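Below are two complexes that have subunit A in common, paired first with subunit B and then with subunit C.
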Partner chain A sequence: MTTQEVRLCGLLLQEHFGNVVEKVGTHLIRSGVLTLRALAHETKLPLDLVKKSLCVLVQHGMCTFGAGRRGPAGPVEYRINCEHVFHMLRYPRYIYTAKSLYGDTGELIVEEILQRGHMTMSSTVKTVADRLTHNMPEGQSMDYSEVVSVFSQLVETHFLQRCPPLASAGSSSSGAVDTPLPVATQPTEPESHPDCYKLPYINLTGQGKRRRSSEDGEADQCCGDDDGIYWQVNFQRFHLHFRDQAIISAVSCKLDQSSSEIVRTMLRMSEVTTPAHAAFTQALSANEIFRALLSSYNIARPILDQYLSLLVDDPMEFVGKTGDSGGGMYVVNLHRALANLARATLESVVQERFGSRSARIFRLLLRKRHLEQKQVEDFAMIPAKEAKDMLYKLLSENLVQLQEIPKTPDYAPSRTFYLYTVNQLPTARLLLQHCYKTVGNLIERRLYETKENKRLLEKSQRIEAILASLQATGAEAAQLTEVEEMITVPERQQLESLRHHINKLDSSENQVDETIFLLKSYINSTQASL
Partner chain B sequence: MAGNRGRGRSQFTFNVDTLRFGRGDSLPTSAHTPSPLFPPMQFRPVPLHTGEEVDYMLALKQELRASSKNLPFHIKAARTKTDVARYSDKYQNGEPKYNCIEWSPDWSRMPKELCIKVQKTRKTGAKPQLTQKPKVAARKEEVLQKLETLEKREQEQHSEEEEDEEKKKQNEEEEEEPDEDYDEEELEDETDYIISYFDNGEDFGADSDDNMDEAVC
Partner chain C sequence: MTEVKVKKESTDPVDIENRIKELCLQFPHGITDQVIQNDMPHVEVQQRAMAINRLLSVGQLDLLKNSNGLLYRLKDAQSASKVKGSDNQEKLVYQIIEDAGNKGIWTRDIRYKSNLPLTEINKILKNLESKKLIKAVKSVAASKKKVYMLYNLQPDRSVTGGAWYSDQDFESEFVEVLNQQCFKFLQSKAEAARDSKQSPMVQRNSSFATSHEVWKYICELGISKVDLSMEDIETILNTLIFDGKVEMTIIAAKEGTVGSVDGQMKLYRGVNPIIQPTGLVKIPCGLCPVFDDCHEGGEISPSNCVYMAEWLDF
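Here is the complex of A and B:
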């Protein structure tokens, strides 16, 4: 784990779970694997606090445990799954996707499961129905059956999956253990379980209850028929969805709306048949595509053929032709599309930081692989002095590398070729680390701004609470204005600018996370094909 | 190479032509300090994305952050004890107990060694209030019947006693509304002093409130 990744993990854990979990989590990331006693000893926290923190982390799937180096008889060892911690940055995007696909009900289901780590189906349905009923006008309430239907849709499309069962009860008891614990290095994949997407047969009837203020706050976890069957969010499926969205929007930007609709249809058809790490989708014939196209797009058959040939000839190589049967067999080149998207990201970063001429040099080096300095100047059509400056600047930022090719075995500088080159994969990794650092900086700045204005924020919160209670009890307008005037005008301006800054910082985090997703998907795709 | 030292002393080790340095040009100065923390930017950054989607995700993010602080997964460390025990410590929120966990996880999915006692859900003071009110009413009626002149003082005395009982219940039960305590204490503050001053329980008969205040001052 790199320094920036550890720092970002710590900040995210602190934001969601507090300082204690952050301390435990960062220490565990730095050490790799640790037992409970070692962790408590090294972090110098009370044992119970460490136990609580580990419970929280295991509940959310960020920490895995298994038999240690001493085998099943030894103490249990814990390790943190950093990728899972980074997913916390993307929670709003997951929830928004669920909302756009399945409406408010889907949004609330995914939000509840994300916040609680994993839940049973019955408790999810009850909580979501209660929340929906709370927002509905008086007299109406949400029926459980509607929530259950949306839940089953989410499971059918694989957005939710069952939590993988543990090999044994996960106990580290020194007594007899029937089956060996899962080895800490190979956690059981949820998809390896055959019932991964099977809904339990439970009878859930009823309606959401409107919470009255006199009732207890938290609903107790009632025992349902599906005790022990926990559901978690399938992050991989969401990532595939995001990847498809990125490809479709790239096609629509590069070509036009109709071609993006064709690509969308192709991706939709091969959703369930294509495995997660495949380089290409399943081959689809033009006839199939034509039949699957929605009539609202109004694309005639010859037009479709023209669009497909256009897509195949495009230098971005989103779609490839693999045969001629059935009117032509076409595939979507997933890995190549990801590589092109990553390349576009790199180019745009260079352009925005160093100017369009440096970007021209960068693009040139990406395409021509290795060039001498003189060749760079000639091809890029940039005067020598400026080209030299720009090249050295890119070199100092590590975006461009120097390759030496000696003429003589003694590497004498006057007798060696020095070639400039850009390697896409290492540069993408470098940029990814920059992104992690950026998000860490954004979060720290936001915490700093909040801390600086803590007094003002607390005051405004208190006044809002007073206003709310006054309005609830029906106070006069004069009283309300009097309370509102307790915040002076310059304080109001300060509050306004603080809110504006925090919104900007939050928004930037979301946007940087999109870049992180793209670069990470590209890097993972290159690893998968190795 | 060593052989070249006698000839061209001012020769560079690399081929000067490729780097476009003239013979007489000075090399660029080397940097002696680390690069500045906030270097001036040559180009302004591109403005952020805007739109309905972006705004919705921003609102979601802030909501999630706020609500995650209220969930039982947010573990707060205990406040470190400062040197002096302060009066306000009595009215602070109950310190989070280490040895119990506020939510009930599925222990079959976790290693046995992590098992901690589950803290029962707190009732928000509904029960203690119900048992207090009939007691209060009964006592008040008794007092009103017995002593009419000292009606107000007796009430104050009894509400203070109720508060003591309340505090005992607080120690047994999990948590009370701290605001309630604070309000009653606020009311009690002035009279507390007086009552302890005249805490012999005898009638002070004809004296009105004004006289009592004067006695204190």
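Here is the complex of A and C:
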């Protein structure tokens, strides 16, 4: 774990779960694997606080536990999964995707499960129905069956999955034999469980209850038929969806709308059949693609063939042809598309940061691998002095590396070739660390802004509370305006600008997260193929 | 007993010289001392040396050195007349410069080859320049370096830099203008193809332009004072590729179709970038020059970052 990653994890944990969890979490990240007692001792926190924090982290799937180094008989060891903590940055994107695919119901389902970590189906359905009913006009209420249908759709398309079952040592209710705990180093994959995507058969009928402020707001904790079957968000599936979206938008930018629709169809057909880290999708024949194309696109069969051959010929190589049966077998080159997207990201960073001429040199080195100083000047058609300046600037930022090839065994400078080169993978890793640091900076700035204006924010909250209570008890307009004027105009402006700042910082976190996603997918794809 | 008459060869010096010249004609690459000795075994060393020296001084014979020894070669009649009136040293220097061809040669190299002191060389060079036999050309690689070559030779591209250099200065504006013009041409072609709404294959093929077409377009535009060849245009188009604005494919073309080189043609086409500027660069941190110095609690930190403050108020 790099410094920046640890810092970012700490900030995210603090923001979502508070100081105690943050302390426990960062300590555990830094130390790797620890037992409960060691963790409590080193963080100097009371044991039950540590236990509670670990519960929170396990609930959200960020912490795993298992038999430690001393074998099953020894104390249990805990470790934190950093990647999972970073997913917290992406929660808005997941919720937005669910909303665009499955409407408000889907949005609320995903939001609830993300907030709670694990939930049973029945409790999710009840909560979501209640929330939806709350927002509906008087007299209407949300039927459970609608929520259940959206839930089952989410499960069918693998966006939600069951949590892997944990063998509970010493539980006699299920009559299970004491099964050994899974070893801490090998967390069970949720997909290895055969019933991963099977909906439990439960009888859920009813409607959402509108919660009145006068009523007692306690939801009844009825024991549903599906106790023990917990559902969690399948992050990997969401990531595959994001990756597909990135590929489709790249195709539509490079070629045209119809080509991107064809690629979208191809990706949709192979959504659930392609394994997560595959380099290519399943081979699809042109006949299948034609049948699966929506009629609204209005693409005739010979035109489809032309588009497919254009996609195959394109230098970006998004689509490849693997055979001729069935009118031609086509695959989408996932790893290559990711590499192209990562390369475009690197190039755009260099372009924005150093100018278009430096970007020209950078692209030149990416294409031609190794070049001497003189060759760089010639190919890029930039005057020698400026080219030298730009190359040294890029070199000092570590975006370009220097390779020495000696002519003589002593590396005498006059008798050595110095070649400039760019390696895509290490540069992508470097930029990824930059991104983590940037997000950390943004979060810190946001906290700072909030802290600076704490007094003002508290005042405005008090005023709003007074206003609300006055309105509820039916006050006159004069009293209301009097209360409102307690906030002066400059203060109001300050509040406005503060709100604007915080919104901007929030949205920019999401933007940087997009870059993080592209670079991380690319790095993972290169590791998977090793 | 018949006397074998050994014809006595005349040892006339002129005859010796003529004989040597004939031998040179026989062996145009040059003859060594050994060859002359074999041909005229009766001639003494002294006489031979005298004859050779005479020929050298008159300027009809060239003295060369190779790995085995000295070679004598008949000098061109034309060039022999040119340096008439110059003394041996000048002839030597002229020889060296002539050998350098159109790449030219530097004064230090002349000194090495001729083993003459620097002052002598400079005098000779000035002399030859005034006689309009050689000229100095400034090299574009090192602006202080002067190379000398024969007066009537065109300097090589590596010295003057070709079409992109005028008076040793790289013409960046010229290159920029050409760059933009080529890109506009290709872009408009691509747009016309897109608007034509024909089948996608035809659309893509009509958005391509061969390098020959681009070259013709640039020539007709007339923005260049210098004649540009197709290779020059191709280097400009390569820079457009490195800008990410253009892509290139090579197709096989029939020999003889206009613009084809070695049975291939290069086609260029304007393209759009595949992603929008990435998220990281929309934040000041992505472009910050002091990014590495920034950390919480330091002089430069997110809390007191000036760039961020400006950006937030934007």
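Criterion: the second predicted complex is superposed on the first by the 516 of 530 C-alpha atoms of A that agree within 3 Å, B and C clash if a C-alpha of one lies under 4 Å from a C-alpha of the other, contacts with A are read in each partner's own complex, and residues count from 1 in each chain.
Keep this in mind: a contact is a pair of C-beta atoms (placed from the backbone, for glycine too) under 8 Å apart; a residue touches a chain by one contact, two chains touch by 3 or more.
For clarity, every value in this text was computed on a predicted model and none was experimentally measured.
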Handout entry: First (subunit B), second (subunit C), both or neither touched by A:Lys254
Key = second
Practice task
State whether A:Lys504 touches subunit B only (first), subunit C only (second), both chains, or neither.
Solution key: both
Practice task
Identify the partner contact of A:Glu352: answer first if only subunit B is touched, second if only subunit C is, both if each is, neither if none is.
Solution key: both
Exercise for the section: Tell me which partner A:Ala384 touches in the superposition: subunit B (first), subunit C (second), both or neither. Expected result: both
Practice task
Answer with first, second, both or neither: which of subunit B and subunit C does A:Ile303 touch in the superposed model?
Solution key: second
Practice task
Check whether A:Phe151 is in contact with subunit B, with subunit C, with both or with neither, and answer first, second, both or neither.
Solution key: neither
Practice task
May I ask you to decide whether A:Arg360 touches subunit B, subunit C, both, or neither, giving the answer as first, second, both or neither?
Solution key: second
Exercise for the section: Have a look at where A:Lys437 lands relative to subunit B and subunit C in the superposition and call it first, second, both or neither. Expected result: second
Exercise for the section: State which residues of subunit A lie in both footprints, the one left by subunit B and the one left by subunit C. Expected result: 352-353, 384, 504, 508, 510-511
Problem - Sites on subunit C touched by subunit A in the complex - result: 164, 170, 172, 175, 179, 194, 199-201, 204, 235-236, 238-239, 242-244, 247, 249, 271-283, 285-287, 291, 294, 296, 301-303, 305, 308, 312-313
Handout entry: For the subunit B and subunit A complex, residues of the former touching the latter
Key = 1, 13-15, 18-20, 42-43, 45-46, 48-49, 53-54, 56-58, 60-62, 64-65, 67-68, 71, 73-77, 98-99, 101, 104-106, 108-116, 121, 123-124, 126
Fill in the blank from the handout: Interface with subunit B, subunit A side, in the complex: residues 15-21, 36, 46, 48-49, 51-56, 58-60, 65, 75-76, 91-93, 95-96, 111, 115-116, 163, 166, 169-173, 214, 216-218, 220-221, 228, 230, 352-355, 372-374, 384-385, 388, 412-415, 418, 503-504, 506-511
Handout entry: Touching residues (chain side subunit A, partner subunit C) in the complex
Key = 246, 249-250, 253-254, 256, 258-259, 303, 306-307, 309-310, 315-316, 340-341, 344-345, 347-349, 351-353, 356, 359-361, 363-364, 367, 379-384, 431, 434-435, 437-438, 440-442, 444-445, 448, 497, 500-501, 504-505, 508, 510-515, 518
